[in-house]
Each structure stands twice: as C-alpha cells, then as structure tokens.
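In what comes next, chain A is part of two complexes: it sits with chain B in the first one and with chain C in the second one.
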Partner chain A sequence: MDWTLFQQLFVNGIITGSRYGALGVGFGLILGVTGRFHFAYSISYVVTAYAAIIAADHGVPLLPALVVGLAAGAVLAMLIEGFVYRPLQSSAPTMALLAIFISSLGLVIVGQNLIRLEWGSRSKLLDTGFTVEGLSIGESTFTSLDVVMVCVLWAVILGVWALIRFTQPGKMISAVRVNPEMARVVGIDSGRVYLAVFAIGSTVAGVVALLSAMKYAALPDMGGQPTFLAFVVAFLAGVGAGPLRAGLTGLVVGMAESLSGLWLSSQWSPVVVFSLLFLYVAVKPLSLGVTLPTIARRLRTAGAR
Partner chain B sequence: MELHLSGQMLLLGIGEYHLDIFNQMLIFAILALSLNLLIGFGGQVSVAHSALAAAGGYGAGYLSAEYGVPYIPAALAGVGFAVLLGTAVSIPALRLSSDYVILLTLSLSTVFVTLLVSLPYFGGSYGLLGIEGVSVFGNEIIRPSEFVRILLPVLVVVFLFTWRLGQSPFGRLIKGIREDEIATRSLGKNIFMYKVALFAITSGIAGLGGVCLVYYSQLASPTQFSFDAVTTMIAMVIIGGMGNLWGSLLGAALVIVSRPFLEKQVNADPEQAFLLQLVIYGTALVAVMRLRPAGIIPEGASIKSGLIRLNRFVTRSGGPAAQTAAEAADAGLAALMARHAARPPSRPGASGEDISQVESAVEVTGLVKHFGGIRAVDGLDFRLAAGRITGLVGPNGAGKTTVFNLITGAIRPDAGVVRLNGVNITNMSPHGVARRGMVRSFQDVRTLPRLTVLQNVMLAVPGQPGENLGSLFFRFRHTARVEKEARDKAMETLRFVGMEGKLAFPAGALSYGEQKLVALARMLATGADVLLLDEPASGIDQSWLDPVLDVILQLREMGKTICIVEHNLHVVERLADWVYFMEAGSVTAQGTMKDLISQPRLAEVYFGNA
Partner chain C sequence: MGHEDNYWIRRMGSGRLTRRRFVGGAALLGVGGAGLALVGCGDDDSTSKTPTAAGGGGATDVSSLKKLLDLPTGAAAGEGLTINVGAVLALSESGSYYGGIMSKGIDLAVEQIKALGGPTFKITYKDHKSGNAEAGAAAARELGIAKTPLCLASYGADIGSMLAGIEQYKMLTLDGGGGTGTAFQKKPYFYGTRAITPDDTFPGVYQYVTAKLPNVKKVQLVYWDLPEELINPSVELLKAALAKNKLEYLGLEKAPIGTNDFSTLLARLKQKNADMLHMAVYGLDPGFLMKQLDTSGINAVVMGSEFTPDAAKVAGASYNKYMFAYDFFDIDAPSNPWGKLFVDSFKKKYPDVVPDFYAANFYENMFTTWEIVRRVIAKKGDVNSGDQLNAALQEKTVFPSVYGGDSAKAGVIAIDKDTHTVSKRSMGVFKIKDGKPAMAASFDIGGADFKLVG
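Here is the complex of A and B:
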C-alpha cells in the first residue's frame, strides 16, 4: 500500500466526511422528525450560498453576509414547509409521500433555473475573510480553510446534538420525533416543531453551502450532489438517528469514498457511495428495521392532525 | 397511415422545423408513457428514468460507434441493458417501502450520469459521437420528415402495449398494489414479483425511448439524460394525469411545445427559453400537485364521463352521480333487508352438537410471538372447526389481531405450528397462505379506494391468465374468456352481498358498511374456504348490522370455515358456534358464548373491574 497516498486520502476523507456528516445531520433531522422527503433541501442550500454572495457583493461585511445567507435558506425552507408540504399532507394524506416529493422536485427546478436566469450559470466565489494558507502534516497537504471547515462543521454537528439534548425546544423536537401522538397530548404544537426543524436542518445545510462556496464556488446546480449525499447519509445512519450518529456515518462514508482512491481511480468514487447504499438497502430487510414503521406512523398521525 | 399523415402536414405547410418538434414530442411521449405506467398505475416513484433511458441510448450508441453494430441489434441490446440495470436496482429497493425506491433511483440517476461524464469511454460532457445512421431499405434516414415515419409507429406500438397492460388484469393488479400492498397480498397475489416485473418493463420502454433519442439526434450526451430530463418526464406524467395514458401524450405535447412557443412569443433566446420553460413546468408541478393532483386528464376519465361532467356543468343540476349513489345504496340495503326478513338466520349451536367431533380446518399449536420484551402471543393453541363459526374474544391487547397476522404469514411466529387442512403452513408467505385457501379481512377494511367495486372484487379472483404477461400478449382469446368468467364470478359474489348496484363506484366513495360488504365479497371471490374476519361489525351503521351478520351466517351454510375477532359480544353470541377467550397472548377459556358469559371472572377481565 502506498503510505504517502494513504495519508493524503485519509486527510481528504476527514474533510469530505465532515461535509457529508453535516449534510446528513441536517437532512436526517428533517426526515426523522417530519417524515417529509424534502428534496428541496437542495434549493435552501443554493439560496444560502447565493444570498451570502450577493449580500457581500453589495458591500455587507462578511459575517453579517453569512448570517443573511443562512437566514435566507432557513426562511425559504420554512415557507416551503408551511405553504407547500403542510397543505399537501392535510389534503391528501394517503399520497403525501409522492405529492411532497414531486412538489419538491418542482421547487428545485424552479429555484435552480430562476437563479440561472437572474445570475447566469457561471460560478461565484465567496470571500473567506482570511488568507488561505497551505499546511501539511507528514506527507499530506491541506489548507487552513480545510481546518476551519472541519472545525466549524463539527461544532455545528455538536451544536445540534446539544440543542436537541439539553434545551427545551430540543426536547420538544425529540418528543415529536419519538411519539407524535403523545407529544400532541401533552400540548406540543407539532406544526411549530416542524417549522423549527426545517429551519435548523436548512441552517446546517447552509453552513456547508457557505463553506463550499468559499472553497470551490457557488453554482446554480451546486445543491444536487450534496442533497444526494445527505439522503444517503441520513438513510445509512437510520431514519430517526441522532446528530452524532448521522455525523459519524457521514465521516465513514466520506472516508470510504476517499480511501477507495487507493485502489480505484477517482472517477469511480461516486460508485463507492452508491455501492454502500445499495448493499445497505439489500441487507436491510434482513434486519428488523424499526425505521420504516416510524415513518409510516408519522405520516399517518400527521395526516390525522 | 404515417405516410399519409406526414404528407398532410407538408401540405399544411408544416416544415422540417415543426416536424423536429413533433418528433421530440413522440420520443418524450414514449418516455412519459413508460413512467406513467410506473408512477400512475404502479404507484412507484422512480427518478431513475433518465438514467435508464441513458442506459439504453448510450448502450446502443456505444455499440454502434465503437463496434459498428447495426442499429436494430444495437437498439435491442440497449433496451436489454436498461432492463438489466432497472431490475438490478429495483430488486433490493422494492422489498422495502417506496422511500427506498426514491432513494435508490435518485442515487442511480446521480451516479450513472456522473459516470458517463467522468469515464473516458463515452466522450465526456460532449457525448458520444459517430453513431451510425438509421437506414431503411438502403435509404438513410436523416431529415425529421423521414424520422417521423419510424418514430410514429414506434410510439403507436408502445402506446398499444402500455394500453393493453394498463387495461388488463395485470394493470388492475398493479393498481391494487398502488392502493394497498398488504390488502392485495392478502388476496393471494405475489406483489413483489409484480413490482419487479413492472419495473423491468418500464425500464425497457425507457431504454427504448433513450435509443430513439440517441439515434434521432445522432448523439448521446449527458445533458439529454440529466436530472432536468427526468424532471421533464415527471412533469409530463403529472400534468397530463397519473394513471391515464392519454394524459401522458397530452403532457408530452404540452411540455415539448412550450419551448418553441416561448422562443417565439416571449422573444427569448433559445437558452433563456429553455430555462424559462423549466421554471414554468416546475411551477406547474407544484401547482398541479396542490390544486389538481389527478392532472388534466384524470385516471378513469373517458370521453363519455367527460360529456356527462360537461352536461352537469351546463345544466348545473345538483350532481346526478351523487343522487344515483344514494339511490343505489338504498336499493342495496333494501334488497339485503328483504332477504334478511324472508330468511331469519338460524341460531348457532342450536343443534347442541359436540363441536369437538367436527374435524379441524385450521389447527394452531404452541404459537409464540414476542415483540422485544412484549409477549404478544404466548403459547397459543386453538382450532377452527370446519364449516363452523369460531369466535376469538378478549380484552384489548390480548393479541387477537396478531394471531391473524401470524397464521396468515404476515408476521413470522417465533415458535409454533399452523396447519391448514393438515398441511403445515407456518412459514408460508401471505399470498401462499391465501392461495391455499385461507384469507383474512382487516379491521380497517382496506378496500382499494380508487378502484371500482367491481375491480376490487375481480382482482381477488384466482388463476387469471391476464395477470401473466405471456398470456396477456400471446393468448388473447383465452385471456378474454377467463376475464369474462372472472367478471361473472365477481358479479355473483357482489350480488350475494347485495352490492351489485354499485359496480362502477370507486370503493373509496362508499359508506363504511358498504365497504365492509365489498371486502367480504372480495374474500369470497378468492374461493378460499377459511375466512378470518377481523371485527366485521365494528364501525358500521346499525341498519347495516343485520345484513352483514346475515351474510356471514349464510357463508357458514355454504360450508365456509369462519373465524371472527369481535368486540361486540352480542354479535359473537349470534354468530359463533364456539368461542375462545384470549388474555395476554394465550387462550384462558373456551366454550359457547353462553358458557363464557356465565363465568364472572371473564366478564370482569373483559369489561374491567366494575
């Protein structure tokens, strides 16, 4: 085995894995609590990056611009939940999965192409606010932005974990996730909890989007790949899994994808993720899954509301 | 015919430009028809259709460009490759819920198109060039007006194929799966096999669409099969109308025509028009889902029903359909009441027979099922005497419904043996148990709401060659004859339960009591001898109670073995020849209802401490 290559791929694995983890945490929270197949996760992601870049272009200082971006993504997600998903759920609970997913597809197409029409298809870079330097440990190289990225992402993942674990709103979210009926009985307004979950989940995705816009650039279709990875990580972690588990699952997926470079050329790396997912789905019926009945129950009770 | 048609178009002054748009319409109509079969009829949401079309198109294109394979074998290979890919991906996903189908198909389309770009073999983002042209009798086909002569017949064949499938017993079955997998399975249908078959068929048609697209444009490029492409197909199906094949033709036409229309009317440049078009039908997707989920041409819409609706709209009368529904319901009830009055039900157990002398239809010994730490069923023994009604009563949570799930194979028991007519059926699949002659009803009826009453019952008839693709396409007359027999049988059972006045109503539009009768007719149509009824009397209107109970008693007279789980003890007393009392997962007492009621302890357990 090539030791030098291994070191570099290992470091790359930590960087991409942290991204995947955060994406999975955000989407997993939404899927686990609301049961909605929120494909428009991708559009919150793009809007966050673009809003921050446009604010910065208009002379807003970096930090407020980032906040503007995150807020735009979160508000958009809440609007989608309130004005698109919720009415669909209550008007046709039996076909809610299909209706929500298809509307979600429609929203992604609309959002992506409105951005293309308005700002063109060329990429836009977000300023980092500091000089990016090259660093190295042993034989591996990376940048100071990568270090910031990994630290910020894990801070966010731990933050979501702490929020759910220790705060009052977080406990309400857990209550709705674990037992929506009981939560209703004790007077928790699940509609508001859903909105909060959409806001939190999209903010987490938004942080990833901002970092990606700094490292690579923002593009109108930048949300596609991250959303796919968010879905994969959330399902691999198990629907309803907590943030730590989703984060670590993302790390494992990113690491597996990166380390596959030891044997495969990098163009095959998407196949690695797909194979992981495929294997998981193939062996899934063998283990007694607790995840799907949970979703089914959630959809039913949400419909009855 | 197509010659005539294209000739006519030229006469009308339609040039190559318009025919090009028409051809794109034809190709996308093929893709939309295939996707509609999957989403609209089968209820499976797949986002892999562009990847499957790419598999077909790139497969054929690669063989042609690299190895000079002629177009017919290359096209067939492309279609075959799409079928293989679609089947391979769907098999694991279809064993799980529809979330996983979305997840896996989404992953397939993301990964497959990424690979097409990144792998060195397929021309990267420019695409695959050098595909051999199509030629017929030595004449190379180049212009759109020539292609239309090939594409139009292909679309006609695909339409007839999908039409035949959709209207057949196979189509009825996959719609049943769409409506309720568990209910369809309980009627003896191997739903997994049908889902895979449907996925394979639609993958093949998608592959064919991809092949057409690649040969038509003489190019296989990633943009043709991008995520935008699959969203376009979904938009065509949703806007046109799910479950209606005409709708997909209309949807394909609308979506494709909108781009040149935008270019002309809005004076947008082609790039802008394309983006604008995506925005418009993205909005349309959201709007249709919200305002008219059935699409422009809803499922089951025909010219006739359209005229009726138009007529109603014009005359503004208060809904003739609703009136007839109420009238028909009254008629059905009246007929049942009349029969009930004419023939009062015989008293169960009146003969005072010794039930232990009657042979067993079903024997259950030592049945155990634990869920985590909860012992839902804990060493249960009971038997169903052939041709008698056996009751299963007990307090809530005693495990009665779990017993039905266990003995019909819906849940695997941890231990114990279930025998049906002496044969061990313990680990059989639910559809296997149903085919062997034991079927169940559900507490929450589970009729298939968007299928008509007649379709609900016809679906249950066993041994239909029309559910088999071979017979469906190669034994037309045999299939038609058996289909007629199935219809007769369904009518007969519907007459028996008094629902013959409602054949054409969607089952979901009926009252709860009526749905219970339809569910009963459905069980009868399976021809099973052992009927397990889960709360047949719960939740129905008092006026329907006597007719329903009467039907059950008549079933016993016909020699059926019946087991009822029921909370209403009066109902059990009227029906059951023998009653088992269940507590905490096992039988603690048995006898006639009269015996059991006279035991004060049981009454206390059942009704709680007074």
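Here is the complex of A and C:
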C-alpha cells in the first residue's frame, strides 16, 4: 500500500466525513423527530448560501451576512413545515409520508429554478474573511479553511448533542421523538417542537452550505448531493439516532469514500457510498438475533432441499 | 373532501387562526416577498432568462460586413423571406448559462442579418435541459413535425439524442457547442462547427510543449468520466502526439463529472509525479480543480481544454497557473474585423453580459446558415428543403469565421464533407496573465500553421 497516498486520503476523509456527519445530524434530527422525509433540506441548504452571499454583496459585514443566511434557511424550513407539510399531514394522514416526500421534491425543483430565474445559474462566491493558506502534515496537504471547517462542524455537532441532552428544549425534542402522543399528554406542543427541529436541522445544513460556498462556490443545484449524503448518513446511523452517532457515522462514510481512492479511480467514489447503504440494507435484518453459524446452517439446509 | 378535512378551515374554525390574523399574516408575507424581490433585483447574470432579441443597448452599424463578407443584396440575400430555424440549447438546469449565452449570439446574428438585407430568421428555442436525452429527442421531433429545415444544436446534438430526429426530418443542423466529437461524426444532416477537444488540440499543444516547456517529459491525461468509446480515441491520439514529440504517456485518470470536490483525484494524481496534466474536463470543473490543485502539493503544468469566465471566477488567483488549448475566442483580442464587430455589437446589445466563445460560435453559425440559404436561393431552390440545404453545404464546405484571419479579412472555417467535423479551425495555446487569457501559440487542425506568439 502506498502510505503517502493513504495519509492524504485519510486527511481528506476527515474533512469530507465531517461534512457528511453534520449533514446527517441535521437531516436525521428532522427525520427522527418528525418522520418527515424532508428532501427540501437541499433548498434550505442553497437558500442559506445565497442569502449570505446576497447580504454580503449588499454591504453587510461577513459575520452578520452569515447569520442572515442561516436565518433565511431556518425560516424557509419552518415555513415549509408550517404551510406545506403540516396541511398535508392533517388532510391525509395515511398518505402523508408519500405526499410530503413528493411535495418536498417539487419544492426542490421549484426552488432551484426560482433561484436560477432570479440570480442566474452562474456560480457565486462567498468570502472566507481570511487568507486561505496551504498547510501540510508530512506529505499530506490541506488548507486553513479545511481546519476551520472541521472545527466548526464538530462544534456544531457537539452543540446539537448538548442541546438535546442537557437543555429543556432538547428534552422536549427527545420526548416528542420517543413518544409524540405521550409528549402531547404532558403538555408539550409537538407542532412547535417540529418547527424548532426544522429550524435546528436546517441551521446545521446551513453551516455546511456556508463552508462549502467558501471552499467551492454557491450554485442553484448545490444542495442535491449533500441531501442525498445526509439521507445516507441518517439512515446508516439509524433514524432517531443521536447527533454524536450520526456525526461519527458521517465520518466513517466520508473516510470509506476517501480511502477507496487507494484502489479505485475517483469516479467510483459515489459508488462506495451507495455500496455502504446497500450492504447495510442487506445485512441489517441479519443483526436481529441471527448469528453467522445460523446463516450458514440455513444456507446448507436450503441447498439440501 | 368536506370542509372539515381542510387543514386551513379547521384551524380558522378552531379560533386559533382568526380572519384578522390570517389577513395580517398574508400581508406580512406579501411585504416580505416584495422585500426579497427588491434584494434580488439587479443580478449581474441575465443569461438564464428566456432567449429574446430584446437587449439593453442599441444596434451596431454592420454595413462594413457587406464588403468584408462579400454579401449580396436584394432577393439574392433572401430579403423578404421568413425562414424557420430551431435552436436546441440548455435553457434550464445546470447548463443554462450556456444556453443563455448561445441564444444571445443567435439573436444578435438574426438582428444583424436582417439589417444587412437578409431574411427574417424565426428562431424556435427548445430546451434540452442540459443534456436530457428525452428532451433532446422531443425537441428534434417537435421541430421536425413543424417542418423546420434548419437547426442549431449544442452538447453534440444533445449527446446524440437528436440525431434520429435530425435524420428523419432532414433538418440541417450545425453544432457549435459540443461539435460532433468523435462519436457523432458522419451523421446525416448533422455537422460540427468547432474543434473536437482535446483531440484536435494534441498536435499543436505538443509542438508548443516541445518548444517552450522542455522540462515536461511525462504527461498524465485527466478525462471526464465518459463512456470508453468516447475516451479511447482521445487516448490513442494523445499517445501518438506524445510519441511524435518523444514524451511519455503516464496514463488516464477519470474525473467525476460536475463535482466540486477533487480531493481524491488530486491525491491519486500526486502519486503519478507527472510533469504535465492534460485535462479534458469542462464547465466549472476546471475552476474547482485548479483551486484545489493549488494547495495540493502538485507542481505539474496544467493544460486544460476550455476556459470560461465562470470557472476563472471560481478558481480565483489559482487560474494564473492554468493553460488551455482549443478554438478559444479571445474577446480582448479578436483576430479579425468581423470578430471585433461581433464583440463590440454584443457588448452594445447586452451591456451586462460578457461575450464568450459559445456566443461567438452560435453567432457565426447563424451567418453560416444564411450563406447556405443564399446558395439555395442562387440555384432557385427551396430554402425549406433539408436535402437542398444539405447539398448546398456539401457543395462548398468553407465559410467565413470570426476566428483566425487577420486585420484585413475574416477568418475561415472548413468542414470535412465526410466526417462532418471541422477540417480547418483556428486554435491556440493560451496562458492566463492577470486573470485574462493571452495567446501563446496558434495552430490549426493537425497542428498545421503552428506559430509561437509573444
């Protein structure tokens, strides 16, 4: 094995995995608490980046512009929950899952094209506020922005974990996640909790969006792949898993994708993520108390029949 | 569904949402929406809008073109005729920038042709949604059903999806966006009007490398993740060009299409220790790749196959290390008077838009279309007959061009009758100086007329 390549891919994996982890935390929080398949997560992602850039272009200093972006993404998510998902859930509860999924896809299509219509399809850049420098550890290279990205994202992941674990609102969120009916009985307004969860989840996505816009650029369709990855991480971590587990799962996914470069050409990287998902879906049922010797015995006896 | 099933009526009925609150909320939403619209006004990119001939500026005096292009007048020019032309472009999705800029080139040409006494070209724009095969096939079918005899296409006839319709409806089609590539040559009624990249650039590029980059001995090819049948011809041509110049071919590394994260690719490239990376990646990808390559520890020379202002914006200062080679239209230094007139008139008509080579290609293609129509008129033929238009093109496959030429005369583009791709097309190797392309060498197909510049 080429150790120099391994080191570089390992470093890349930490950076990529941190992004995936944060995305998974936000998406998983929404999915785990509300049960909503919020594919329009991607449009909150895009709106956050665009709102920050437009605010900065209009002379707002960088940090307030970032706050404007995060607020825009969070507000949009809450509006989607309040005015799109909730009416659908209320009107047709038995069909809500599918209806919400389809409506969220529609929102993505409409949202992306509205952004293109208004602001064009060319890339938009977000200033980092500092000079990005190349750094290295041994033969591995990365940038100062990568360091900031990893630190900020893990701070966000830990922040969400601490919010859920130690604060009153966090306990309310956990209560609604575990048993919405019981939570309602004890006086927790699940409607408000849902709104809060959408806001928090989209804010987490927004942080990733802002960092991505700084590292790469903002584009109307920049939210698609992150949303897919967020779903994969949330699914692998387990719907309802805590932020730490989702974050670590994202790190593992990112690391696996990056380290696959030791053997595979880079165009196969997305396949690695799909493969992890496939393996999980295939192997998961086997984890329900079925051991490997049992599997082997069943295969042998199936052949005998 | 009764009233009791409606979420909003139940909320209003429960008293939690009163009429006053609802109206107040709607008013707030309206004010907020208006505020958002105001913030969004005045964007610097209007290329995503539906194509329209209306521009912000005035028209340019184009009378000089009559002499420069030796244009006839009156009936011979097609005066008074209305001719339908289809334009199948990326008008939505990720490639909508290209469709927008191409349509501006078309609209400018239509306006100028009319001013020069030519026919009214009625353009029907169709959207192939940035490479959607069904959309391309549907566009060709719809244009064919409408008996449109002429078409301008992009993305290599939308990655070949239009070819069946083009042949079925005998619609003479020029592609100044993707050209024919290697896969779509010799197709009936379909012609590429730009160089195949990177294939057509290899001979000229490696003459340049031998002359000016003597330290380059080992070359690594980086290619978009396309089907093997599209890549393999390029690999063989590159090997031949390298062998001729006694350089070593290290291998092929495929890059995912349309990604912004090249970290894995760059990690693998670093191990190759190449002296030069020859890249066949397009759109914004070169910009993202250069930005990340700058801090990756890779010191190889980078030779790309495309330059767009948007990719340059993404890459920032790291693009100063980027070189590229293809039939690039230099808007800051047009090579002939027609090219200069194109740039001046484009900027006048669209003051907020920077012209690029795609706009130049489609502008030029409309004039090529006009010349083909004039040839049919000269033979008293039917300008709506695809067969006659095709025959007129085949009769003489040389046309004036905004590329090449010199300070006194327009350049020339020639199309091969057999392959339907260009056999003569000015290309160059370009460096980036102060963020702008500067020609370092010029050459033609096959490396002909190679000349170092500057």
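Keep this in mind: the second predicted complex is superposed on the first by the 286 of 305 C-alpha atoms of A that agree within 3 Å, B and C clash if a C-alpha of one lies under 4 Å from a C-alpha of the other, contacts with A are read in each partner's own complex, and residues count from 1 in each chain.
Note that a residue touches a chain if its C-beta (ideal position, glycine included) is under 8 Å from a C-beta of that chain, and two chains touch if they have at least 3 such contacts.
Please read all numbers here as calculations on a predicted model, not as lab measurements.
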| item | value |
| --- | --- |
| Side-by-side fit of chain B and chain C on chain A, or clash | clash |
| Touching partner for A:117 - first (chain B), second (chain C), both, neither | both |
| Which of chain B and chain C A:139 touches, first, second, both or neither | second |
| Touching partner for A:5 - first (chain B), second (chain C), both, neither | second |
| First (chain B), second (chain C), both or neither touched by A:270 | both |
| Touched partner set for A:232, first chain B, second chain C, both or neither | first |
| Partner chain(s) touched by A:278 [first = chain B, second = chain C, both, neither] | first |
| Contacts of A:103 with chain B and chain C, given as first, second, both or neither | first |
| Chain C collision site on chain B, chosen from 76-84, 94-102 or 112-120, when both complexes are overlaid on chain A | 112-120 |
| Common ground on chain A, meaning residues reached by chain C in one complex and by chain B in the other | 87, 91, 113, 116-117, 267, 270 |
| Parts of chain A lying in touch with chain B, wherever the complex brings them together | 37, 84, 87-88, 91-92, 94-95, 97-99, 101-103, 105-114, 116-117, 224-225, 228, 231-232, 235, 267-268, 270-271, 273-274, 277-278, 281-282, 284-285, 289, 292, 295-296 |
| For the chain A and chain C complex, residues of the former touching the latter | 2, 4-5, 8-9, 12, 15-16, 54, 58, 86-87, 90-91, 113, 116-123, 125, 132-134, 136, 139, 141-143, 212, 216-217, 219-222, 257-258, 260-261, 265-267, 269-270 |
| Residues of chain B that touch chain A when the two form their complex | 39, 43, 45, 47, 89, 92-93, 95-100, 102-104, 106-108, 110-111, 114-115, 118-119, 227-228, 231, 234-235, 238, 272, 275-276, 278-279, 281-286, 289-290, 293, 449 |
| Chain C - residues contacting chain A, complex | 1, 5-8, 10, 39-40, 43-49, 92-97, 100, 225, 253-256, 260-265, 267-268, 270-271, 284, 287-288, 291, 294-297, 310, 313-314, 316 |
